[in-house]
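One chain, chain A, appears in both complexes that follow, with chain B as partner in the first and chain C in the second.
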Partner chain A sequence: MHIHKFEKIWLTFGIGCLIVFLSIVGVSAFYLGNQPPSCLTTIDPETVGEKAPFDKPGLNKVEGKEWDYELVYVASAFSYNPTQVEVPLGAKVKVIATTKDVVHGFEMAGTNINMMLEPGYVSEVVTTFDKAGEYLIVCNEYCGTGHHLMHSMVKVVE
Partner chain B sequence: MMNSNKLEKVDSRDAKLSMAYFYVAFIALALGGLAGLLQTLVRSGKVVLPWGIDYYQVLTVHGVLLGLVLTTFFIMGFQFALISRTTGTFTNGARITGWVGFWLMTIGTAMAATMVLLKEASVLYTFYAPLMAHPIFYIGLTLVIVGSWVAGGSMIATYAKWKRNNPGKASSLLTFMAIINTFMWIIATLGVAATVLIQILPWSLGLVDTIDILVSRTLFWYFGHPMVYFWLLPAYMCWYAIVPKIIGGKIFSDSLARLSFILFLLFSIPVGFHHQLVEPGIDPAWKYIQVVLTFMVIIPSLMTAFSLFATFESFGRSKGAKGLFGWFRKLPWGDARFVVPFIGMLSFIPAGAGGIINASHQMNAVIHNTIWVTGHFHLTAATAVVLTFFGISYWLIPHLTGRVLTKAMNKLAIIQGIVWTIGMSFMSGAMHAAGLLGAPRRSSFSEYGGAAQAQEWIPYQIAQAVGGSILFIGIILVLIIFINLAFFAPKGETEFPVGEVADGAEKPPLVFENWKLWLGISAALILFAYTIPFIDIIQNAPPGSKGYKFW
Partner chain C sequence: MAKTEFNTKKKIKVEHHESDLRGTLASVFLLGFFIIVTWVSVWMLFLDRF
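Our next item is the complex of A and B:
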């Protein structure tokens, strides 16, 4: 099949860019560890709240781990528990969340924290809060009539 | 372009079948467009819906009617006309099968719509479990899918019969493209049919108590991404093989057009995980593998862009254009059949760039489920695809109804394209910007407890309402033109433009129609991308979920 010379140049350039792009994304993911939140832990959605860590929602200091705090959320239609939390500036925090009922979103506006909460699964992300301010957590997956009322607040304080 | 020879016409019986699909499609456009207008008004915070109508009910109407009904019905009507024109009139049996498909789809739509209007199915068009709608909603959607299989089967049978009668010959390019799209649709819808029939329906009927959420979502997104390519490929058919004829040029390369469609068939399906990048329960290595497969469609997209502009430039130069961009001015800027799809093509440049961001493994977390995504698919589906569909209607409807597009209607159609461009720039632009600031998609107006960040989103939401209102004017204009072309335009003959290949071009290799080969590779890629992660998802499944009705 004949391919025009200019089209060969165009496709070579395009495919070359594609390889470079996918390599950068791949190195970031597998060498630097920048993977999207993909926690594999499961849980019985009917008994969320009875077992650790979801029996103690909120900010909990931990010892001997790679992070200083665990920030635990339990989502249910149409709220997050806790509704407000203060985090010390510079703290390295593992956010751990799940849902008691339907699928919810967990997005902290102004940060890169954005994950799905699905019944039966735990979602986790580790982050360092290095900028003071108020960060709004919103549900970004439709969960019912009060979906747009579902929110929480993180205050990063000195 | 109009010559005095007898125009090649779609048989009037086939034309009736196509028109039946178009009537439903344009009714869906009218109602779904109105729902869209209401959404943008509510979200501006300035308007409250009367009579206790729920925002999410309106949102379900908008998504189901425009995302599922308008697209699927238009595409079926278009493909029936294409095959009838380029392969030959349907046999009575094939045509009756087409009608059976039409009625199944229409009855299914009516059933689903009734449940939505009765507030029994405010689950949006993605119907994610464990939100549980009335079983009739799911049965209705199943009939739409089954109807589309019956209609697709009629097209494939017609093509297969032609192949048997013409051994060793290449099929017409447009029929080939329509058949690729039909195969892609059938393979893709197996996923959504599986989750609805095996999981959701028994659960909503109370036959089983719980449902596996991640299996259902994975099957849905196995379908969800090829669905958007199912919308896009008919637009590509127009760009590749119809627009060249409209401007008076030639198809750049028949073989490359076929190759790019085969690449779309192969790389549109095994990629659903890029919609599930921030979901728990899926190994990130498999997510990355599907991200790589997702990006393979960039190759046929680059080929398409090259071919289209090569056609435009060669045509302009053949008319004596000089300089690097002189050919641009030679294009028929007064012809709506060209101008409207051309706006669609241009919109696909930012739309494609946004899509690359969305599927980029890590970058996805910045925009996932924000209103950026809504802005994105209003450029792809609601501009590139839909404007091309409108452009197709401006010659296809009068061709099928034996009428002509008058000068006044042609002018109105160009104005419509401009109105759409302005409206969409406001709406989609504001959606992209608000999404980057964190505003979620699919959400009614909210101040989120007075949060400062949420205040920043409101001006953009007002801009979306302005854009949405302008777009609604655009919909009214399209409906005026459609009704005119269907019922009132002057009688006459309208050309069904079918592009010709450039002189001296070689014949397309027959390997392109070796379906065992391409469907085999497609199946192999799907099995590669999905088998292991799907087994993992099933083996590591948590206890299932019972149903919820939170509306």
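Our next item is the complex of A and C:
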């Protein structure tokens, strides 16, 4: 089969790009252990708020874990509990959230924290809060008539 | 009886025209680099934010 020299060049280039892009995703998932926020951790949505960690929403210091704090949120129509949290700058935090009723969103504007909260599932993300400022948490999944009122605030302070 | 003669020995020469693919090469790489630049810039944005 005759392939033009230029065709060989762009086929190599295209296949090379594909290998690089997929390798980055593969390394992220299988070597760095990145996973989707909701990754098979389940909870009974009827009893959210009774059992740990959702009995103590807010920022909780933890010992002996890979992260320093656990930031626990319970979402329900149409609010987040807690409504305001202060996080020390540079803290490694595991954000743990779930919903009591319907599907809610959990987007911390201007950060990579963006999860869907589904009834019966726990969504988690670990991150280091390394930029001071105020970060608004908004619901980005339409959840009912009060959807646009649903928000919370995180202050990253020194 | 006369045999029908096929002209089997004559080689048919296929004229192969090498297409001019310089423009195609340029547009493929233009698109390729555009995809790489946008992909990398989104990735950098992802790495920069917490």
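Basically, the second predicted complex is superposed on the first by the 141 of 158 C-alpha atoms of A that agree within 3 Å, B and C clash if a C-alpha of one lies under 4 Å from a C-alpha of the other, contacts with A are read in each partner's own complex, and residues count from 1 in each chain.
Just so we're on the same page, a contact is a pair of C-beta atoms (placed from the backbone, for glycine too) under 8 Å apart; a residue touches a chain by one contact, two chains touch by 3 or more.
Bear in mind that the values here come from a model prediction, so they are computed numbers and not experimental data.
Trainee: Check the residue A:Trp67 against both partner chains and state whether it touches chain B (first), chain C (second), both, or neither.
Mentor: In the superposed model, A:Trp67 contacts neither chain B nor chain C.
Trainee: Is chain A touched at more residues by chain B or by chain C?
Mentor: On the superposition, B touches more of the residues of chain A.
Trainee: Which holds for A:Asn112: it touches chain B only (first), chain C only (second), both, or neither?
Mentor: A:Asn112: touches chain B and chain C.
Trainee: Answer with first, second, both or neither: which of chain B and chain C does A:Thr128 touch in the superposed model?
Mentor: second
Trainee: Based on the superposed arrangement, let me know which partner A:His4 touches: chain B (first), chain C (second), both, or neither?
Mentor: Both partners.
Trainee: In the superposed arrangement, does A:Phe21 touch chain B (first), chain C (second), both or neither?
Mentor: both
Trainee: Identify the overlap between the chain B-contacting and the chain C-contacting residues of chain A.
Mentor: On chain A, the residues that contact chain B in one structure and chain C in the other are 2, 4, 6-7, 10, 14, 21, 110, 112-113.
Trainee: Which stretch or stretches of chain B touch chain A in the complex?
Mentor: The contact residues of chain B facing chain A are 54-56, 59, 122, 124, 128, 130-131, 213-214, 217, 253, 255-256, 259, 276-285, 287-288, 291-292, 295, 298-299, 302-303, 306, 310, 360-362, 364-366, 368-370, 437-446, 448-449, 451-454, 506, 509, 540-545, 548, 550-551.
Trainee: Which bits of chain A are touching chain B when the two form their complex?
Mentor: Where chain A meets chain B, its residues are 1-4, 6-7, 10-11, 14-15, 18, 21-22, 25-26, 28-30, 34-46, 77-78, 101-103, 105, 107, 109-110, 112-124, 134-136, 138-149, 151, 153.
Trainee: Looking at the complex, which residues from chain C come into contact with chain A?
Mentor: For chain C paired with chain A, touching residues are 16, 18-19, 21-22, 24-25, 28-29, 32, 35-36, 39, 43, 46, 49-50.
Trainee: Would you mind writing out the residues of chain A in touch with chain C in their complex?
Mentor: Interface residues on chain A, with respect to chain C: 2, 4, 6-7, 9-10, 13-14, 17, 21, 24, 110-113, 127-131.
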